[in-house]
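Labels run A, B, C, D, E, F, G, H, I, J, K, L, M and N following the written order; every chain starts at residue 1.
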């Protein structure tokens, strides 16, 4: 039962990550399409906030298991 | 019971990935349709954030099982 | 109980794939209708991101079972 | 209990397929109504992405059972 | 317990079919109202995608039971 | 327990039918109000897709019980 | 336990009917307010689709119990 | 346990009725505010569809208990 | 256990009533703000449909307990 | 177990009341902001429908416990 | 088990209160921003309906425990 | 089991508080951005309704535990 | 079982906090983008309401455990 | 069972974090696209509120486990 419930928990982590990264990435592309000349600034902010969430997800994956 | 609950967990991972990639991909296409000349920049951002999420999903699939 | 719960897990994978592919495909068609002359670029992006999700879904189906 | 839970899993697969195909088909018709002269391109894309999802659903139905 | 859980699973299949066919049918009518002269093309696409979903639902109903 | 769970399953079927027929019927009326002169075509499409869903629901009700 | 779970199932049927009839009725009134002179056609369509759903609900109520 | 689960089922019936009647009634008032001179026709349609739903709810309440 | 589950069921009834009455009342006020001179007609319709729902809720509360 | 499940049921009643009163109160304020000179009529309607819901909630709280 | 389930019930009450008060308060502020000179009337209505909900929540908290 | 379920209940309280305070705070900022000169009145209303909800949450936290 | 359910409860607290802070922070940024010269007032309000929610979350985390 | 339920709890924390950070980050990018010259102020606010939520998530991860 151990190796299996692990995967359920990992699935919840990916749902969290997918909701967050999807929202971030989707809005980033909308923003680039609206202001193509500000693409640099937007991508910087996208990577900062994306890395923050990615770090939380991997931290939870390692600390929790 | 092991081989089966595994698949439920894998299903949750795919739900997370589908929500995220669907949002990213859908918005990317909207953006390309709005600014066809910025298609390069948008596709770059789409692949960066998509790879980030794909990596999280496969990492969870391997670490969790 | 094994062969049955398997199908429930497979069902969750298809829900994830359906949510993602539906969003991607639906937005792609909206985009083509808005910019018919950019149909090539849009279809390229649609297939890249669709393949990414399809690969994740089949990977999870095979690794998880 | 086997023949019954099977049907529940199959139901989840159809929910996934219904969400995806409904979104794809609905948007395709919206797109045709907006650009009737691009109906060919739109129907091509609709069948590609629809076949992708249909394949995933039947694959899961057969592999999972 | 067998004959009863069967009906629950069948109910899930109808929910999936209802969500998909409702979305397809609803959008088709919106499209016809917007472009009455393109009613033929729209109805063709509606029947293709509707048959695809209907086939999946009946396939799941028969394979799963 | 048999006669009762049956009704729960039947309830799920009606939820599926209600979601689908409500969406179809509601959009059909919106469409008639927008294009009163196309009421014939719209009602034809409404009955086709409605019959498709109705058939699925009754089929599931009879096959599943 | 029999007489009670029955009522839960009946409740699900009414939820399904309420979602469908509410959508149909609500849109019908919106449509009459938009095109008062087409009230006859709209009411005809409303009763057809409403009867279809009502029949499904009562059929499920009687077949399922 | 009998007298109590009964109330849970009755609660589900009222949720169904509330969703439907709320949608019907709310749209009816919107419609009257948009076309005050068509208040008669709207109220007629409101009562027809409302009675249909009310009848379903009370039928389920009596048949199910 | 009897006196307690009763309250859960009663809670579901109030949720149903709250969803319905909130929708009815909220739309009624929007309507009065849009057409202050039609406040009489709107309030009449609000009370008819509100009484219908209130009657269903109290009927379920008394019949179900 | 009695004193505790009671509180869960009471919580459901407050959720119902909160959904309803929030919708009513929120729309009432929107309406006052749109038509400040009709504030009297709006507040009258708000209190009628609010009292109706409040009565249902307290009735359920007392009858159900 | 008593002291703990109590807190779950209390949590549901706060969810109900939060949904209601958030809707009321949020709309009130929108309304003040739209009609700053009607801030008095709006705040009066906000406090009436807020007190109604607050009373229901505390009543349920005390009666239910 | 006591110390743990407590935390689940506390989590539900924070969900309630987060939904309410987020709605209140988010709308307050929207309102300030729309009418910067009415920032004082808006902040007063924000603190009144926020304190009301905060009090309910802490009251439930202390009374319920 | 103690150390684990604790984490589930803590997860619910973070969900509550994330919903609230996300709404507050997201609206704050929208507001700054709309009125850059009012950034000071908006940030003050953001920190007040954010601290209120943060305090509730940490209080629940400490009191509940 | 300990190491596994831990991961479920951690998954809930990441869902909370993903909902919050996704909302914050997505709105931040929208805001930068609307007011590129205010990118500094927006990024400052984004990092303040993001750090607040990140701190809550890690605090819950460490305190809860």
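FYI, a contact is a pair of C-beta atoms (placed from the backbone, for glycine too) under 8 Å apart; a residue touches a chain by one contact, two chains touch by 3 or more.
For clarity, every value in this text was computed on a predicted model and none was experimentally measured.
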- Message: What's the minimum number of touch steps needed to get from subunit D to subunit K?
- Response: 7
- Through how few touching steps can subunit C be joined to subunit J? 7
- Message: Since subunit D and subunit E are copies of the same chain sequence, what is the angle of the rotation superposing the Cα atoms of one on the other, rounded to the nearest 5°?
- Response: 25
- Chain centre separation (subunit D, subunit I; CA means) in Å: 39
- Task: Please work out the Cα centroid separation of subunit B and subunit H, and write it as a whole number of Å.
- Result: 42
- Note on the structure: Here the gap between subunit D and subunit N, centre to centre from mean Cα coordinates and rounded to Å, is 34
- Query: Can you list the subunit G residues in contact with two or more other chains?
  - Reply: 1, 4-13, 15-24, 26-28, 30, 32, 34, 46, 50, 57, 61, 64-65
- What topology does the chain touch graph have (line, ring, star, complete, other)? ring
- Query: So if I start at subunit A and go to subunit B next, what's the full loop of chains?
  - Reply: A, B, C, D, E, F, G, H, I, J, K, L, M, N
- For the subunit A and subunit N complex, residues of the former touching the latter: 1-2, 4-6, 8-13, 15-24, 26-28, 30-32, 34-35, 37-38, 41-42, 45-46, 48-50, 52-53, 56-57, 59-61, 63-65
